[in-house]
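Here's the structure, in structure tokens; my notes come after.
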Amino acid sequence: MQATPTPALRVGIAGLGRLGQRHAAALAFHTPHCKLVAACSPVEAERALARDQLGVASIYNDLDSLLQDDNVDAVVLVTPTNLHADQTIAALKAGKHVFVEKPLALNVPDCERVLAEAEQHPALVAMVGFVRRFDPSYLAAQAAVAAGEIGKPFLVRSQTCDQNDPEGFFVKFAPSSGGIFMDCSVHDIDLARWMLGRPKALRAFATGTIALHPGLAACGDVDNGLAVVEFEGGAKAVLYASRTMAHGHETSTEVIGTAGKLLVGEHAAANRVVTSDQHGVRHAVLKDFYERFESAFAAEMKAFVAACRGESPLTLTLSDALEATRIGLAITRSLGSGMPEAV
Amino acid sequence: MQATPTPALRVGIAGLGRLGQRHAAALAFHTPHCKLVAACSPVEAERALARDQLGVASIYNDLDSLLQDDNVDAVVLVTPTNLHADQTIAALKAGKHVFVEKPLALNVPDCERVLAEAEQHPALVAMVGFVRRFDPSYLAAQAAVAAGEIGKPFLVRSQTCDQNDPEGFFVKFAPSSGGIFMDCSVHDIDLARWMLGRPKALRAFATGTIALHPGLAACGDVDNGLAVVEFEGGAKAVLYASRTMAHGHETSTEVIGTAGKLLVGEHAAANRVVTSDQHGVRHAVLKDFYERFESAFAAEMKAFVAACRGESPLTLTLSDALEATRIGLAITRSLGSGMPEAV
Amino acid sequence: MQATPTPALRVGIAGLGRLGQRHAAALAFHTPHCKLVAACSPVEAERALARDQLGVASIYNDLDSLLQDDNVDAVVLVTPTNLHADQTIAALKAGKHVFVEKPLALNVPDCERVLAEAEQHPALVAMVGFVRRFDPSYLAAQAAVAAGEIGKPFLVRSQTCDQNDPEGFFVKFAPSSGGIFMDCSVHDIDLARWMLGRPKALRAFATGTIALHPGLAACGDVDNGLAVVEFEGGAKAVLYASRTMAHGHETSTEVIGTAGKLLVGEHAAANRVVTSDQHGVRHAVLKDFYERFESAFAAEMKAFVAACRGESPLTLTLSDALEATRIGLAITRSLGSGMPEAV
Amino acid sequence: MQATPTPALRVGIAGLGRLGQRHAAALAFHTPHCKLVAACSPVEAERALARDQLGVASIYNDLDSLLQDDNVDAVVLVTPTNLHADQTIAALKAGKHVFVEKPLALNVPDCERVLAEAEQHPALVAMVGFVRRFDPSYLAAQAAVAAGEIGKPFLVRSQTCDQNDPEGFFVKFAPSSGGIFMDCSVHDIDLARWMLGRPKALRAFATGTIALHPGLAACGDVDNGLAVVEFEGGAKAVLYASRTMAHGHETSTEVIGTAGKLLVGEHAAANRVVTSDQHGVRHAVLKDFYERFESAFAAEMKAFVAACRGESPLTLTLSDALEATRIGLAITRSLGSGMPEAV
């Protein structure tokens, strides 16, 4: 029906760790109008995987080489957080559309550098991976809020709670993760702003406790954190992040308005099966964020490709990513100081 | 506010087994405008209980003696099913209001004898214990149906499922219980008629299986039974009765209409607690029918007392009890013959 | 079975407003081993109700007269909060057991005066109406926590959310209610302490907003309040109180431990009916706290009577009531100052 | 990692109606190791769609031409039911793997002809589209049953209930659909056999009613049908099919065993959002079977491709399809005769 269809977007991916592999498979097999043509990784096993299992034609050891590949229209960065800002800037300078995993950066100046660079390239898409915005349930909830179905929203309660890893693997990464709020709650912060209509955040207060992983104390982190954010106009957000759930991964968000409320994701059913037996009436629980957001990750890549191909603009902006970082940092400061901190 | 309040109803109870004790305690302590003044039982321990724990003044060994007590206005019969009809008739002849536990009888002629006697005593209340009609949830559902909220109801699916008793205690009583349908489904039959507006039942088909209690085979009974009832006008009922649930007691009823459906009692939560742990997200389950219908049993006694005192008429009639028996018998015949049976 | 049964407890009630009437009916009709023998109220209509509908023998205009009645063993105070402390002390001085509605007082010195007086009367019961401790679901949850079923509890999230009253009736009472936290959250505070094993509270932080009732601004109150409480040992509580729910009354409490979590009361189903129709799959919601806690109010009166009769000691103490007030006051101060406040 | 990877399977599709289009899009964009290389349809608009939107290279007017295309390894038949048997046979004779939508045929001899032909081609895959076997929830349930988690299964209750179409579009197709049981319940029949371990069906009894669509009477069909199936060894199935649900599409299946039960799909939540407002606490409902089984349709195509490529054998056989038809026909006969019918 289209006389001259736009050619498929040619994508290169940087980073093929656990999440990177999933993005790569989505791009290779499950995203229409897109070809995964290039990949880079410093790890030989990851390069082999791209070549042999994903059929990627051009394999590089580093991002710079990939960025010089003229056959690449867009890059997907699934690299360590501390590299996000510089790599995004480099990709934009190379004339590539960029998708970068969240958070954009662990400090505000880095975010601002990216925004400044992106302004120089209005024709390029630059997108941060706030995947929950592409989840069907969150989309339905936000549409209902935007349509006024719950009146005026004034409170968001949101949590990101991971199943406990008895090995405490994440303790190792605590020093570089930015802390539990930057690592987990940044999603909830973005959701709160999205649901509340992007009000300006004024103050944040946080507290937390170490329930199971004393190793976190060394870097001032906790395994269960609570935060309150105050917005201009009176709206509030209450956030909870945990690394120690016994039952599985439970991400949930409640939006409370003057005419009703919406609750997304609670109880984290793994599927549509209810079992009745000697343990009661029960359902199995999602294991991790990837199982929860599998379809959202796929939709996110489709949205990125569609935006790069000029088919549908993004509502999610770099400015949203900057604000999420700004609020996350104020929360993190409050956890340290014990006092409310200005955002 | 009442110049001459009606005096409290003076009640005598016959039978102080498990259910009888509960009725007696309700009458003694939890039913306004009522005094439990008499009790009879052939069992000394039961008589002692009435005297010492319930403070009953007049204790008898048999019903006949109790019926001669002029201080008794009404009797509550919680006796073996095979005595129900004759005892109800005797109580009416003695000028007492009567409450009798379900089923009214295991055959139609016995039911008809009771109805005939009751017609001779229009001033006396005669009530059969279809307790579910006094349950707040069933009342809310029936009110919604009657108000047209689901359009025209045309299908009822109802189940009475008991937790498995590994001792198989009920197997002993199978020969005299009338079978699983007369013992358990008679409630569902009454509910179906109530919800559907008392249509005339035409045919019944039943089947069943023995899942765990082979001892039932000797008397032609099953531990899991299924029945379909066809009513005049096209409405249907599907009934399920089980003695072998692993998780607890689950009585549930669905009423399906042209504009919606109502489901009562499913999943049988024991309370308002949801647990999330290594077994999933789950709730505890009701143990037995008494735990499920505790408040309904209390409301039932209040309704009986109110009817005897002339305060509010009963919508539940002896004719309803007769029809429940008639349908239950056709189902039971079908279980034996393997063919649909006329009601 | 008891040679010389303890005689029934003779109770007098002070205050027959909405909640007072319910307590009175429970004492008159639904509480074994108890007689409602006296009542006092400054309101003629309330005295008439006690006389005519509850059959109370001795009716007084004021508490002092009732306290002089030698036929009264115990008093139930359902009077304005600002009278609680003095009336409780007067009742103890008169040698009566006392039940007083929550909160015990709106300041710490008043609570301490009551505790000091009670110490002088070790044989008398003095009980504050933290009714949720008598709710079957909260009891089951607390028993599970105490049994170690969720490991070590470290976080309580609890809310008291009332259906919005478009008339804003409560705005009138805001100046004397002590504010939303003292009026509503005091229950959640007590629950948190109970579930967490009574740790010492250290600090509280609160914020809030006015979503629908601007009239509250004049007295510094809000219609939606959030609070965080920090306890010694690291445990936390997050509280939410609202006067503006669209759907009904929803009181819920989550207790999170190292091996699981318990959630009590969420979604506030009014009954066991699920409706499937053009509005989706749905259930009706409880209208108010009394509908939610109807059986708990009855159990509470039974526990008071049992304690007065020496049958079973109370685990709920005046010291618990003092601590709830102390924490509630720190939260309320924080709402005003915007800063964390020491408890 | 594979030295010589198997080349992608080259698939041709016949029929591009609503369901055909979805299968085609899955094959074109979302199924790894598969190329949609050919399509046929008698409808020009469908051929245009294949060419322009799906990028299919070879477009034919009829199946015979497509079957002569040597570049096609496998065909997917999404054609009218009365063509299924002959087309499947033709495809097998042409040396193609075949996927055919359910039911395989509306009579037993046609099914048997297909089985006989398939026996002549042991190297070719022949698969019938019982899509529910590929749904993650049904797979989890069947795995639990097979692992003995509910003991010995003895009863399946299963329903396929469509949202009412006020236009009654399906009434037009009633004469050729085989009736409500062949059209809808055939899935439930297959599920019941799968869950119960493929016992031999002995008898079936059915009844039904017309609630909203009197036009069905002319061809002996109903818009709400009930059936009971008796299996060798005592297991039973109770089936319900409806065309008149007010709330949406609700397919659900319960498997009851001696140690527990599993319930799949009940309440048909459209997503993970719970709304609390003036209509109660509620969730939106799935609109139709495709929304319910979207991921299962994708998994089904993947399973077909994997089987054709020799990667993983199918557990679903043509014999299963034959038995489903055989049982469906006995149920349909019983609806007409009013008596139990031998399978």
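A, B, C and D label the chains in the order they appear, each numbered from 1.
Assume a contact is a pair of C-beta atoms (placed from the backbone, for glycine too) under 8 Å apart; a residue touches a chain by one contact, two chains touch by 3 or more.
It should be emphasised that the depicted structure is a prediction, and the values quoted were computed from it without experimental measurement.
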**OP:** Quickly list, by label, the chains bordering both chain B and chain D.
**Re:** A, C
Original post:
Taking each chain's centre as the mean of its CA atoms, which one is farthest from the centre of chain A?
Top reply: B
Original post:
Where the centres are mean C-alpha positions, what is the separation of chain C from chain D, in Å?
Top reply: 57
Original post:
Can you give the whole-Å distance between the Cα centres of chain A and chain C?
Top reply: 43
Original post:
If you average the CA atoms of chain B and of chain C, how far apart do the two points sit, in angstrom?
Top reply: 37
**OP:** Please list all residues of chain A that touch 2 or more other chains.
**Re:** 150, 245-247, 259-261, 274-278, 284
**OP:** Flag every residue of chain B that touches chain D in the complex, lowest number first.
**Re:** 150-152, 154-155, 157, 205, 207-212, 224, 226, 228, 230, 234-236, 238, 240, 242, 244-247, 256-261, 338-340
**OP:** Could you please specify the touching residues of chain B with respect to chain A in the complex?
**Re:** 245-247, 250, 267-269, 274-285
Subject >> Contact footprint of chain D on chain A as seen in their complex >> reply: 1-2, 28-32, 48, 52-53, 136-137, 140-141, 144, 149-150, 259-266, 270-278, 284, 295
